[in-house]
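In the two assemblies presented below, subunit A is common to both, partnered first by subunit B and then by subunit C.
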Partner chain A sequence: MARTVEFTLDGQRVAAPEGELLVHAAARHGVFIPTLCHDDKLDPYGGCRMCVVGVEGSPRPLPACATRVAEGLVVSTNSDVPAYRKTLTEMLLAEHLDPSPGGRPNELVDLAEEVGAETPFVLPDAKREPYEDRNRFMGYDPDACILCNRCVRYTQEVMQCSALSLEGRGPHARIVPTHGYSWLDTECELCGGCLSVCPTGAIYEKFEEGTTRPERALEKVKTTCTYCGVGCQIDLNVDPETKRIVKVTSDPTYLPNEGNLCVKGRFAFNFVHHPDRLTEPLVRGEDGELHPTTWEHALSTAAAGLNRVKAEHGAQAIGVLASARLTMEENFAIQKLARTAIGTNSVHSCEAT
Partner chain B sequence: MNIRRGEVHEVVSFYSFLREPTDAVRVCIGPVCDCLGARDLLAREQEQAQDGARVLGVECLGHCDLAPVLMRGDAVEPELAHSTNGGPSVDLAQADETLADYEARGGLAALRSLPQPGRIVEELKASGLAGYGGAGFPTGVKWEAVAGERGPRYVIVNADEGEPGTIKDRYLMERRPHLVLEGMLVAMRFAESTEGFIYLREEYALSRARLNAALEELGAAGLLDGLQIRLVVGAGAYICGEETAMLESMEGRRGMPRLKPPFPSQVGYLGRPTLINNVETLAHVPAVLRMGGEAWAALGVRGAKGVRLFSVSGAVARPGCYEAPNGSTIRELVEGPAGGAIEEIGAIVPGGAASGILPPAALDVPLARDDLREWGAGVGSAGLQVFPASYPPLRLLAETIRFFAEESCQKCTPCRIGNRGIHHVLAELDAGRVAMSREQVEEWLDAMVATSICGLGQGAPFPVRNAFRWWPELFAPLGEPARA
Partner chain C sequence: MGRGASTNSIPEIENARVLFVIGSNTTEAHPVLALRIKKAVRKGAKLIVADPRRIWLTKLASRHLQLRPGTDVWLLNAMMHTILEEGLQDEEFIRENTEDFDAVREVVARYTPEEAERVTGVAADDIRGAAREYASERHAAIFYTLGITEHACGVDNIWSLSNLVLMTGHLGYESTGLNALRGQNNVQGLNDAGANPMYLPGYQPLDDPEIRGRFSEAWGVEVPERPGYRLDQMISGMQDGRVRAFYLIGENPAHTEPNAAHVEHGLAGLDFLVCQDIFLNESARKYADVVLPASSFAEKEGTFTNTERRVNRVRRAVPLPGNAREDIDIVLQLARALGANWPDYRGAEDVWNEFADLAPNWSGIRYDRLEEVGLQWPCLDEDDPGTAYLHAPRPARPSGRGKFYPVEYQPPIEEPDSEYPFLLSTGRTLYHYNSATMTMRENGVTDKQEDPFVEISPEDASALGVVDGDWLRLTSRRGSIEARASVGDRVYPGLVWMALHFEEARVNLLTNDVTDSLIGIPEYKVCAIKVEPVAPALRPAAR
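Showing the complex of A and B:
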């Protein structure tokens, strides 16, 4: 545990663990400092400058996202700070041509509303080359990008890959999938992490079966991802009218995944409403076709079949293969079924390979 | 090599010599070249270019004394020539071809009878020597800070001269490479560094050859025993002259400035304490030690301390690089060594792009920090540029801001968008339109000065505010500033 130190925040003496980022310490003491380029998963960057605060002894304001609490620090978020925030927001708006390409929340637009900033003019070089990608899951509109570099840093620091790059410098700098290739031709695994950290929704989900509603108008249903045993916590985003799942998100506060997901968890949810999905038990009849039936009948048919094999060939003739999508508890129950009810040692999960 | 494709792409796209072929024709369109016809030269070269040959307009090539200037691969046109003078400190009248030349002129004396470190700091402090790259941080204080950190320590010579109108480091490296290296060796001995680096801009091909030859001679003379000195050649990015961007560049990344604190004296190259000095700053160190700090300080006039090299370019008879006392007036330099103005003077930039833009009335202002501050300007890198009355101040300002916008690394919002926004306001004003009120422009400038990460964004507002002050009629359509 870091030792607790005292510092001054807008005239109040407050305590925080030494070395805590100022932006976090301030939030705990009720002072909200806006950030755009900051993400708790990433190393401090200090690029957007939205979080600058006055620090006694420093000739210039310092970014709260990269400044750490120390004994005796004297921090001010009033004085000139609100004016800087408003001006910096205006600057970002001057090249923010598309506020909502894919319906994701836009922190810049929220901030502009909060600080009362308006677009002063449109920079003549604000328009960036459009980007079309043939992948099915993620879209990217460079005109909504504010070059906070969160997505690139996410790929580098969290995913340890280099799917995205901050390219060039000067007015033509932009963020692109590396070399301007399709995401499919980079190291990208389509996990959508870059999308999840994008503060303006410049990277967004392409909807297979869409909704016209923005993300905030969707109902979130928290659940556990069914794809593997990790147990990532996700929010199914449901269109309140059609009651269909239209996207999957995850919150950075959710454990164990901290908002990170894989391509399956984030994008492969369309099986839920797929017409081919089995929604009731089926048993093959005398005619060789599958027919809907009751669970009771289906289970007793399966049990009878297994018992027949066991009687004719012995329990070791039966093997049990568990789905990778089962949880640990379900896997425990499966091996009990195999070993005690059936009596076979041939039990396996494809997660083990 | 354990380097990811994305990193390669990010780095290659950042540096102009990695992005564009090294043998391209590069026409300088910096302000001095621009006012002397660079745009016409560029158009002519583009017209005459053979199939497939690249002709580029580039930011300041550091040969403003030859303006308008271009580079065909490594070759400079017009042909390189030096116009300079003698002086008590670095004495550019001498051109040392060999180490023997240098020694015959008293070279290596400081290195051979090096005072104790404490004494060196005292002399440096007494001399008033301050970083001549443009930031003006007191050299003695910086050396003392690095010495106070735990070793191992590195020494880096900042030879990434890129400030428009500044040619002094090139003159030094081309004429007195051994002197520069002696200053560096003094710094390394002082900091007990065994590894040193020279970060040299790609465009300075002759400097590279001269430094390499001098290093070879020093090595052969046994003066580099136990030391490792590496010449790191940059790849074309103005921002890499900013010391933390330079460190990023040396470590193989995009030259994007680090957040300070910590400063390089604490956490520098590869995380170690690092002493970074400009070429010229180091070149004065042997003279400071030879003469003693106080005597060197006494070379200054009108209350300023010491001497420095002034790069004088633009509408003067003898553009070049001249050693003169700190505190010399603009007129003393222009009418003295530079041979006088060849046209009516319209505007004067005292010390590089971010130093300010002054009216002809400033001719008698001493080139010293305190005097220039009264005029809202700074002495910067002492790149004194004289613009003729035929070159509109609004264009000079717009070109200056365009330069900053082009060279911005894009990390921080105020520099990235601030410069482009101000350039837009100036372009609109030139076309008779008002993009933003004066009051709002002032707010943008305030935010740039206060919240930019490095000197590029922090410094860009100076020439704008100078122009507001000295040419108010040009900006009248924007309205009145809200406050004094």
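Showing the complex of A and C:
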């Protein structure tokens, strides 16, 4: 464990583990320093300067997201800092043409409100070349992008692949799939990590069956992903009117995935609403075809068929296959059905996995 | 060791210093867990990957042990040979916490790294190096999945890994252990819940009369004494008439089981078949007498247990389509229709409580404790915070000692020969899931991966006169399918690899339905096939 050091924060003597990022140490002592390019998943970066603080002995303000606590540090967040922060916010707003695309949350807009910054003017060359990508999951709006590079750093540091790059300079700068190909042609695994860390909604989910509702109006239901055995915790974002899942998100505080997801967990949920879903019980008729029927008839036919086999060949002639796709409770009920309602221990599954 | 589960937890992975990944294509099969492995490497850990293919993780690995499929026992025994030869074993742990070590010492003495190189194809120096690195680091963790288990010698492979862990004392503390990465959302929970022919819920042996008595009393019905059939026995039972009816819930065995044609034949001959699922799969469409429309994960309450034994809540977010019903309601209603006299369950929580009351290791887990974050079993009572890592302070077997099992190498049942010269191995990809009834309905995913493909080396492709994207016909003694060549160095000459997901090219028509004699896991990972180019005129170039 790191040793504890003392430093001064806005005139108060406070303690923190040596080497802790200033932004975290300050938060623990009740001083909230806003950040934009910072993400706890990523290495300290100090790109946007929104979190600058005064540090005694330093000729310039230092970014709290990339400065570590040391013994005797004297930190001030209330002298010139608010003015810096307001100016920086205005500079970003001046080239931010699309502050709330699709009603998505935007940390820059929230921050502007908080520090009282307004768009002073729009830079004449602020309009950037649009970017169209043929993948069906993610889109990118350069006019909403503040070039904080969180997305690129996520691909490099967390995914450790080269899927996205920052391309061009000045007004031509934008985020593109590495080498300018489509997201589908790079190393990109379509995990959507880039959009999960984007502070301004510049990278966003495309939806085949979307919603026009702003994201904040969606209802979140926390649950467990249905794919592999990692058990990622996710929020199904449901449109309260259509009762359809619109998107899947996850929170950095969730265990064990810390907000990270893969392509299936984040995007492959449309099967839930697919027109191929079975919606009626079916029973095979005299004609050899399956026909829709009532639950009562389907259940009594199922029970009669199983009971007939049991009467003729014994309970052991009936096999029950449970499933790893189902819940604990369902599987418990299924094995109980096999053991008590049919009378066999022949209950198993494709369970090697 | 005494538990059917991963020993350690997912968050601990990033603090391991040596990670030995064997038979797990983690970035594709468990992509989010793989992020912790990537993070560990970024923090300076050594990664050793043992896999026949040059999978993505080999990019980060300090060693890639590219063994021939099915030779894991040779590799692991030779690693143990090195450890003992160089005195790197943990004598104190062996003495205090294990039994039957001498039997393993005797066997591995014959498995020299030089001879291992001949059988496995991995250089003797790499085997020695991997053994040293693994044995001499305290925070060394092993991760494995189906590359280890899906062999006729699957249990041997697991025993070998367990021997390696016990020999080095890598057990019972953080960031170490033997971790089976579970492939499906609730495969851990399915087994925990007792959907098993030999075990009652909570891994309580069916052959123990006292335990059977306890369940019979709780349920008010005599629990049958006769052990049930395993899946492989049910499938062979369909052929010889021992099994006449099936109740299939959320399973698609004519796609996912080996020698699929044989399975389909069995389903066709049943007297009665009930299928319960969210989509109508091929076997249900052709053979079911009754089809019951069921619920997806987003339409119900309950729990899934993940690969680190964590019981997580599943919550209802959207309504069921049409007249579909929640699976649990269907099962309860069918039980009633069959004449069972079950209590009135008000919902999933009542069923959970019945399970937790009957299974001591889950007794402390109740819904009200799962609101914020799941709990890891064992969790014995309401004050127990759950268990992050197992086998502390001692292995969980009743004797308190981990058992060494000496393992001799058994070659795969079917090896390449002059008629079927290629070795076929199978697995999953990132973009699809099992029989892909869910993911093939996702256009954004199929953009990335739609046509069935088979990985083949540039040398073999060139010998066959095909290039990337050409169609190939793959034939084994059991069946034949077509897929497009994906030419690259992920496989070595003589090895081809294919994913199981494609309905129009079910690789399980080719795979061998021999199984491990002890637990019945099929040998999905090795069979012999021949590969021929399909004349281009016979197929459209692209869809």
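By our rule, the second predicted complex is superposed on the first by the 273 of 353 C-alpha atoms of A that agree within 3 Å, B and C clash if a C-alpha of one lies under 4 Å from a C-alpha of the other, contacts with A are read in each partner's own complex, and residues count from 1 in each chain.
The working rule: a contact is a pair of C-beta atoms (placed from the backbone, for glycine too) under 8 Å apart; a residue touches a chain by one contact, two chains touch by 3 or more.
What you are looking at is a predicted structure, and each value in this text was computed from that prediction instead of being measured.
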| item | value |
| --- | --- |
| Which of subunit B and subunit C A:Leu321 touches, first, second, both or neither | second |
| Which superposed partner A:Arg169 touches (first subunit B, second subunit C, both, neither) | first |
| Partner contacting more residues of subunit A (subunit B vs subunit C) | C |
| Which superposed partner A:Asp125 touches (first subunit B, second subunit C, both, neither) | first |
| First, second, both or neither for A:Ser346, with subunit B first and subunit C second | second |
| Subunit B versus subunit C as contact partner of A:Ala16, first or second or both or neither | neither |
| Touching partner for A:Thr87 - first (subunit B), second (subunit C), both, neither | first |
| Contacts of A:Pro281 with subunit B and subunit C, given as first, second, both or neither | second |
| A:Leu97 touches, of subunit B and subunit C: first, second, both or neither? | neither |
| Touching residues on subunit A, where the partner in the complex is subunit B | 44-50, 52, 60-61, 63, 66, 80, 83-84, 86-88, 90-92, 94-95, 120-121, 123-125, 146-147, 149, 152, 155-156, 161-171, 173, 178-179, 186-187 |
| Touching residues (chain side subunit B, partner subunit A) in the complex | 4-7, 9-10, 13-14, 19, 237, 239, 254, 259, 405-414, 416-418, 420-421, 424, 427, 435-436, 440, 443-444, 446-447, 450-453, 458 |
| Residue ranges of subunit A touching subunit C (in the complex, touch as defined) | 134-137, 157-160, 184, 189-191, 208, 221-233, 236, 238, 243-245, 254-257, 260-265, 267-274, 276-284, 290, 295, 298-303, 305-309, 312-313, 315-353 |
